[in-house]
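Heads up, the next two complexes both have chain A, just with different partners, chain B and then chain C.
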Partner chain A sequence: MANIQQISITHLSFTYQHDTNTVLHDINVSAPLNSIIGIIGNHNAGKTTLCRVLAGIIPNMMGGDLLGDVHIGNLSPTKDWSVLNRQTDFVLQDPNSQLSGLADTVADEIAFDLLNHGVDETTIQRRVADVAAQMQLTAQLQQSPSSLSGGQLQRLAIATAIVTKPGILILDDPTSEMDPQGRADFFNWLATIKDTTIFIVSNEIDDLCEIADRLWVLVDGELVRKGTSLEVINQLNPEWQIGTPKVYQLAKLMYWSLGADLFPVNINQLRGCVHDQHSN
Partner chain B sequence: MEIRDNSLSNIAKIRWYNLIDPVTKLLVALFLTMLSFVFTNLYFEVSLVLISFVLLLLSRLSSATINAVYFCLFLIVTMILIQGLFYSGNVHPLFSIMNITFYREGALYAVTMSARILIIIFAIGFFMSTTTISENAKYLEAIGLPYKLVYLLMSVCYILPQIQQNMKKIQFAERARGINPQKTVAQKVRSILPILIPLIIKTFDQSINRSITLQLRGFDSPERTLATPKYHYVRARFNHYLLSFLTIFLIGCKLWQIFSRFL
Partner chain C sequence: MTSIQIDGLKYQYPTSDFKLAIDQLTITENLVAIAGQNGAGKSTLFKLLTGLVHPQAGEIHINHRDLASLTPEDRLKTIGIVFQDPSSQLFNATVEKEVAWSVLQVETDAAVVADTVNDALATVGLTELKDKNPFDLSMPEKKLLSIATVLAVNPQIYLFDEPMISLDWPSQQLVTHLMQHLAEEKHQVIAITHDMNWLAATFAKVDVLADGQVIFEGKPETFFGDSALTQKTGLMTPRIMQIAQEVFDDSRVYLTPEDYFEKHSEKR
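For the complex of A and B:
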């Protein structure tokens, strides 16, 4: 029986249809609900495929050989997809694919999900305005989505996902086209979200270590490390060629250790560490 | 201020063609085309070309329409040349250049055909330049078309612009890297050939992604409320009935013209 407070993945393996390579190999992991889970790894590590499984795209919309079991709370993306889909939103890697194509303006694009969920017009107006303000798209509300820049398109894609206030948010590299300020604003905003389970694939390891409660490291479809960002980053194998946060690199150079050969991976840990060093 | 208020007062610059619904525009295109096929008098054909051209000029000329017209003009010139020289019913010479005789019957036949092509291009151009894909989709769903059919139509509408957009990106990247200067037509064609298959695969891939997104975003949800069409169309139902009746009548006339030859 599934634990209603847990995300649990058991013996998950997946091979795409008409393909012989197994993309995900026997993944076993669990994490508490309402936490932020960062998924990291190099190209072709299986990050996007894992997101697709979590969102139920696999096997409901994409075929393949899926083994094992996935549960997010008491819902399974494979068995209870329609219920899960009402509580889940997904931001795709390519923001252009996220757009419905049925909206002439940014406001209509954001409202699309709400219309689909039968929300009344007054609530739609309010939520669209709120989300646009959060994603700094208020000035663009009456523009055509096709006139937006890459970073603005990504913010629009995120806005379309969060406007329904989903319980589960899956973000597949949502900041790849954003400028540094936009990226920082996005991660700051993400850290403020409560009561939502967030899976985020990103190469922004510094930002991930600031906000993620858990990190999962994928290498060639295998989950090679899982745990808090402090545990994971301190146990990275150099052969995996996964970047480390600047805070960690600096602390390692300066020998600012947290003890037990653990080096800080985010600003708060570094601050604590430096403070301890000065006290000593 | 209302963010998504579609009332007429809140939509900037309402044009006359915004008051005509997409189905009426399509029926007008069909009606003009059928007229040109039923009444083959050259003066009548030319007046239809002028009417459809004025319709296009009074709307919004898009670069796609202008490109289509340029391409058609090239086809028309070729057609007039070939028919003027080799049409099976050629009898009366129009003029001769270096022992090559150009005939009147062939030229007239080609001009009639060209007029029909221009009418179709102008009328469809009017529809395409004044109707967005989203406006079309919203209206079709509002008049009762199932959302799956609307989505299918929308996907088809998106394929060509998407291919064009992807091709522009690839060609721009090629030019930026100095791979192919693409100055002449031959160079442009040569640059397209090797990327054709990846281009089509990429476009289909994007279509699949869009379909996945729509499902994830609840497009097939039973609670779905229909999006209100952006404009308030004038006498849409009446126009549909009238134009449908006239078009069916013209199709009947054309069929009668064909079958009466055998009676």
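For the complex of A and C:
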């Protein structure tokens, strides 16, 4: 059944142990591997729970009533956790809660997982320097993690996740404490990542529409829309109270349409659309 | 009308090189944004305004009264703050008790306290959660609760430190409307924000800090129109300006998509 090139979720439902509310309701969706999937929705919509299932944290570390199937390629986070866990990294909402707390320096914190994997010292040093440069933490490498700002801690959490080059990266609201420039840098960096399946929960709808291959919209635990950002943003129901990107707001006001009442959601689409209108 | 008058203010943390130095700053508008990069001194300014830290030199006058001379109760009624991290100001066993605790600092009549608590919770939409433990709330709910604790005291001046952070879209709308409503009701509402889209859409006045000094006071339109100044402060322009720049090579000032629409419909 498992398609080796696909992420597929079939009839996924979940209720936490000692709770009666179903947090995820009969979710069915598939997407190609190595794509960037943006997960959007308001609070209590089930975004974090879906991330936990994708990471295998549910049901392996947090219990409850899990129905249905999840496959990422030929592996299932619910059934093949130990194998999948080695190629998956998860960046939690609260960066503090996932740092080892044992490292004296940012460099040691980034190196922590590599040390556990028995990687040789030269490779570790090269990887740490490389990842720190990507996350703009080079100047902080010898500082204590406890001296970092909220945005720097989030970048450190991402650095510790990507240092092992995971094939699957799950990011739960990774930029919530970053300043606008840091956030812009992060999304620009994310767009350059190749050969990695990325799930990202974020409220930054403008940024998601620039980089995500797919958007999944959760409302009260149901997956109410799935598709490209163009399809999804153009089909939002106002009752869901989901923000729209500025490009889309502008295009609607100016009536710059891609035809069939479809409005652009990112800069490239807007450029194409305005170019077409001018040449007509 | 409320006025905040700052003169010759100097503050330096004992353990760092950072210095806040404001020669003169007058805030009289009802809805004001404070912008600036991390470390520019925004939060320090808020701490000085609430009396959490004391300046090494200079004075802060609120409505011509020296802030340092206010009694603790007067100070609570004059100026209240909603912190960036709501967890730092929540510690009671239930949502209702959390708000009641704030009211009890300025009011003793039990019936008045109960009414005030109910009103404050209703305003932020948390009435149904009143028996929950604050720490079981979601982030936006915690933030709304911390706002309710300040609403319940109803100070003359409201300070919001990064109010949009960790809110989802519907709660961002709610908090924005609430702030606008308070400003219309003659309160003074001052918000620190990094969110230039929200700043441009919501505020008519902005004070910009850089390296512990005020380097701009005025309209967001003027600030964003001065590209040398925005670059110097390390702040970004609103997204709509980036779109206009990237797609149309248009470097004029736009605050929102609606502003762009209006400026371009006039010319048609």
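FYI, the second predicted complex is superposed on the first by the 280 of 280 C-alpha atoms of A that agree within 3 Å, B and C clash if a C-alpha of one lies under 4 Å from a C-alpha of the other, contacts with A are read in each partner's own complex, and residues count from 1 in each chain.
Following the convention adopted for this analysis, contacts are C-beta pairs under 8 Å (C-beta built on N, C-alpha and C of every residue); 3 or more make two chains touch, one makes a residue touch a chain.
Since the model is a prediction, treat every value here as computed from it, not as a measurement.
Enquirer: Between chain B and chain C, whom does A:S176 touch in the aligned arrangement: first, second, both, or neither?
Expert: Second partner only, chain C.
Enquirer: Which partner does A:S97 contact after superposing on A: first (chain B), second (chain C), both, neither?
Expert: In the superposition, A:S97 touches chain B alone.
Enquirer: Using the touch definition from the top, say if A:N188 reaches chain B (first), chain C (second), both or neither.
Expert: neither
Enquirer: Chain A residues in contact: does chain B have more, or chain C?
Expert: Comparing touch counts on chain A for chain B and chain C gives B.
Enquirer: Quick one: is A:A111 in contact with chain B, with chain C, with both, or with neither? Answer first, second, both or neither.
Expert: First partner only, chain B.
Enquirer: Tell me which partner A:H43 touches in the superposition: chain B (first), chain C (second), both or neither.
Expert: Only chain C; A:H43 stays clear of chain B.
Enquirer: Return first, second, both or neither, reflecting whether A:N74 touches chain B, chain C, both chains, or no partner chain.
Expert: A:N74 contacts neither chain B nor chain C.
Enquirer: After the superposition on A, what does A:A129 contact: first (chain B), second (chain C), both or neither?
Expert: A:A129 contacts chain B only, not chain C.
Enquirer: Counting contacts the way the document defines them, which residues of chain A are shared by the two interfaces, the one with chain B and the one with chain C?
Expert: Looking at chain A, the two contact sets are disjoint.
Enquirer: Chain B touches which residues of chain A in the complex?
Expert: Result: residues 55, 57, 61-62, 85-86, 88-90, 92, 94, 96-105, 107-108, 111-113, 115-119, 121, 124-125, 128-129, 132, 141, 160 of chain A touch chain B.
Enquirer: Can you check the complex and tell me which residues of chain C touch chain A?
Expert: Going by the criterion above, the answer is residues 37-38, 138-141, 165-166, 168-173, 194-197, 234-236, 239-240, 243, 246-248, 257-258, 260-261, 264.
Enquirer: Note which residues of chain A are touching chain C in the complex, please.
Expert: 42-44, 149, 151, 176-177, 179-181, 184, 203, 206, 241-243, 246-247, 249-250, 253-254, 267, 270-271, 274
Enquirer: Can you check the complex and tell me which residues of chain B touch chain A?
Expert: For this pair, the touching residues of chain B are 2-4, 132-135, 137-138, 154, 158, 206, 209-219, 221, 223-227, 230.
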